[in-house]
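Here subunit A shows up in two complexes: once beside subunit B, once beside subunit C.
The block that comes next holds the complex of A and B.
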């Protein structure tokens, strides 16, 4: 026995709990999901092998396509809005101001609060008749917006809400990014006669590239993970216009018991996320140099 | 002039981010008919919304369930994360680099792939409708290991060697020498884990059906979606406010740590 314990290195021994957990909750699920995609299964009755049926179904499922389009709409609005606002506020907070900590604390507040809270709150703010937003628009003489009741507005509304919730995090990241830009770069550019706009586009933006990549990558992952917002606010409606990837998987798996089909969609979404993130990273990296 | 513009923009920002929460707070004391009014303060103050919440859902039990799950997960992730992070950074053993690569891979695989098989695993273990079903799958995370590993790599080897010469065991080195020198990363991992798990709602919705075992966010979400609130907006907002309160209090006390920790989660990508 003593020999055996000598043979096993302490590093291996200390990692054993993690390796056991990893095998059970990572390796096994990944392998099992690759089996599930070829089966029909409702967990209760025995698994039934269906070959590539689930894959064929993914390609002919209009609702699946709709959920990807919805996520696309979300990202197209959410990403630029978030970058612009985060840059704007990060710039403000990096000026010589009093009470910087106070402002930073408030901007960051929505980041720490649960998505459930934010969703319930915005459901009321977005209300067509009684919501605060439409009342404000009315006060300023503008028309009301059918935030959650119109299929054209519902997903953009969720994108606005998500921006409001997350932007504080990116303000902090951009503040760090801005502070890491050497002041000499700006001084040199000023000597060369570069305008403020030129300095912004030729120094600030390229130097912030890593931060921008982070924002985009986290947004793509977040967009494909949207769940509680449509679940609470709209149930995916109106007309499936806010049905997100995860909400569709959830409905298929846990309301209809289509474990195999839901797993197949999960695999597709994962491949899409992976590809978008990879392409994005390549694209931005080459742009820097 | 420039200063005025700067501060106006800052204050508008502060209003945009904070006002909805203030509005929510006061709305929980309004009768439903008043919530649509643009005035912030209630004309008639009422406790009715909170009474309805406590009457309809065991929200105190939900708070307790969340506290139990989140605390146990946080302790476990910090403990096993630091032990594994130590093995991955300061010890040499066969297979270490492979295991480290594998743990990096787990962070790159989106949860959409593992969600359903993990649920099936929980079913097989008989852990549905069991708080353990919420705890076990996240008892240790690759991200915490990565954070600990990075931090541990900066500690001078001399200290570790000296302790080893004194006959200190590996766990002794970790707990007596390395962890006391790594307080910032412990705080970061603990806060990130706590907030993420406190706010998690998808997994509880899948694993827990029995109301008395639900976590607080799950209970509040279902209260808003289902008929439990009699579609009383005030009651929904009151339940949401109760859910937000513990995190807001913790955040206001430890705000610097919160901001620093959560900003470091940006490294994840």
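The block that comes next holds the complex of A and C.
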């Protein structure tokens, strides 16, 4: 018993910094936001207890509902596109091609560039009247596309941009996965007369399943926190079509000082994320090879 | 059992954490402090705008050189999305300065409720100083609900139209349009494809179309004040939006975007400087910028905003007032007030015009013998000074930013994208504002 106590003490002491960090930056904010959901607080004046008023408001707030739908649309567009492109490029970069290292670096470059910089760059590319993309389309005799100024185009444009920015990271993950597949499997399949397509679908894809799960989980988490792109490029427009849940919560909290209401929306959003992750784990993780 | 040694380690961690907190929460840089050489100092935050900061630096240096016991330490307002956001954060963190000269009147209510500002009318000479400088109605408008005054009306930036005279002339328009119809007619002549590639590359003007609340100050809100003959959204604390004026404004901008006279996108660089657009809705701060950066071939002038066709009377506009306040955490209220008086002295106001091209809120500015010659030499600024008499600010209501957010939503739907009639947009906008005010009660 004495020996056990002797072992616990250093562990306890060594974990103190982490515990302090956890308490300060996780437990405290969570507890505080749970208190906030029952209050009105604009940061500068004292809190005012409002009971369930914030909850009632959440249920009647059509803009919040739209922001959640928008986030869902973004995820539906962004995640499959990201996985397909990342897998495609990873396969290419896994071949013995000239300047492979250079291309690997090139694809990873957008990941390390600041999100705001990339967003401003794409804002100019997507510019309806003066943007490079529409200039090219016009040169080829095609009509201009309202990339960021149409309800139908704005979110797909943002999803495309986010994919361009992040795909390099997932290419690296997929390449790691591809390199861990035993070469014997391909050799055996080749001897049995399997075509390239068959080898991809019956060997590569099943063997990559753990990586695919990781990519989906990371993409979903990243997708739910969609903020910088609409904040800088569209401000949530046109007509709220790119207003993500996080952007709406941010506006309510920091622009309008509705900390209590923003916390309540945050709580609902957390429940939604939790539910999605649960469902995702049930359907995707069970498929892991 | 924990031994003494273990407690010592634990205590070291706690002390370390405490020190980290103490350092991060230290506000000695921002508020009243005693400096290293024993002099007492007060901190003054000025706008980070280069011209305004240069002026502040000169004034602070002059003040400090006079050997006052309490010296002034100048800092530019820290970077943030807006000055209001920065000041609110500073108030929460307890790091407000002693004085700030970039206070937007719409935010002062929040500061007053938080007991963050000093009531300036408690100084003996307040009414005398203010009475000499500020027009009676403006002084009355900054009075808080509790009867005290917490801010000094300092400067106004009337929003006017800055236009490229040559582009108008080339399009066969010799006088700047006075009404909406004239403006739209001129816009149809100016907006065109110059290089003949089949795409428009010259526009009448440009406004940021993103639904960001403060962007609406410079289009819808300015035009609303103008179309309503100088009304704001509230009358004696009650919502009183002039529906007819709002419909006219929505329709005006709807016609602008329908005709493609303003692009639905951002323009790279300064489009006015390179004659890509013919008009810009702007304040006097742009004068010094253009004087420094405009090519010689650029002929520009300023005019009041166009008014609805059936409008009669003076053209009103949004004033974009900025005031000075003293924060209640100051240890030297009297000395801070003395410095504020120095900032609003006639000499300092003269330099505000000279350095920053901004209009001090001062009685009979245009006829004052001390300023008369200056305006003769600076006719552009004289136009803004004339317009300053016909400006309105923002209503001092708690949820004004959120109200403008509703405006931004309906402006976007009706005017930019034409998905709603101006009548529907006005009625739905008013309803949305009423609902949000009800929630915020």
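In this section, the second predicted complex is superposed on the first by the 273 of 289 C-alpha atoms of A that agree within 3 Å, B and C clash if a C-alpha of one lies under 4 Å from a C-alpha of the other, contacts with A are read in each partner's own complex, and residues count from 1 in each chain.
Rule of thumb we're sticking to: a residue touches a chain if its C-beta (ideal position, glycine included) is under 8 Å from a C-beta of that chain, and two chains touch if they have at least 3 such contacts.
Small disclaimer: the values here were computed from a predicted structure and weren't measured.
Student: Is A:256 contacted by the first partner subunit B, the second partner subunit C, both or neither?
Tutor: second
Student: Quick one: classify A:127 as touching subunit B (first), subunit C (second), both or neither.
Tutor: both
Student: Name the contact category of A:224: first (subunit B only), second (subunit C only), both, or neither.
Tutor: first
Student: In the overlay, answer first, second, both or neither for which of subunit B and subunit C A:111 touches.
Tutor: first
Student: Between subunit B and subunit C, pick out the one touching the greater number of residues of subunit A.
Tutor: B
Student: On the A-aligned overlay, A:57 touches which partner chain: subunit B = first, subunit C = second, or both, or neither?
Tutor: second
Student: If you stack the two complexes on chain A, which partner ends up touching A:195: first (subunit B), second (subunit C), both, or neither?
Tutor: Neither partner.
Student: Pick one for A:152: touches subunit B only (first), subunit C only (second), both, or neither.
Tutor: neither
Student: Examine A:239 and indicate which partner it touches, taking first as subunit B and second as subunit C; both and neither are also allowed.
Tutor: A:239: touches subunit C, not subunit B.
Student: So, does A:180 touch the first partner subunit B, the second partner subunit C, both, or neither?
Tutor: A:180 contacts neither subunit B nor subunit C.
Student: Looking at subunit A, which of its residues have contacts with both subunit B and subunit C?
Tutor: Touching subunit B in the first complex and subunit C in the second, residues 9, 17, 43, 123-124, 127, 129-131, 135, 235, 254 of subunit A appear in both lists.
Student: Can you list the residues on subunit B that touch subunit A in the complex?
Tutor: 6-7, 9-10, 13-14, 16-18, 20-21, 23-24, 27, 35-36, 38, 80, 83-84, 86-88, 91-96, 99, 102-103, 106, 108-121, 123, 136-137, 139-140, 145, 170-171, 195, 198-199, 201-202, 205-206, 217, 220-221, 224-225, 233, 236-237, 239-241, 243-244, 247-248, 251-252, 255, 258-259, 262-263, 266, 268-269
Student: Can you tell me which positions in subunit A touch subunit B when the two form their complex?
Tutor: So the residues of subunit A in touch with subunit B come to 9-12, 14-15, 17-19, 21-22, 24-26, 28-30, 32-33, 36, 43, 88-89, 92-93, 95, 97, 101-117, 119-125, 127, 129-132, 135-136, 139, 164, 168-169, 172-173, 176, 211, 213-214, 217-218, 221, 224-225, 227-228, 231-232, 235, 245-246, 249-250, 253-254, 259, 262-263, 265-267, 269-270, 273-274, 277.
Student: For subunit C, which residues are in contact with subunit A within the complex?
Tutor: My answer: residues 1-2, 6, 9-10, 13, 17, 85, 88, 91-92, 110-111, 113-114, 116, 197-201, 209-213, 263-268, 399, 401-402, 405, 409, 412-413, 416-417, 419, 439.
Student: Okay, in this complex, where on subunit A does subunit C touch?
Tutor: 5, 9, 13, 16-17, 20, 42-45, 57, 123-124, 127-131, 135, 138, 144, 146, 148-149, 234-240, 251, 254-257
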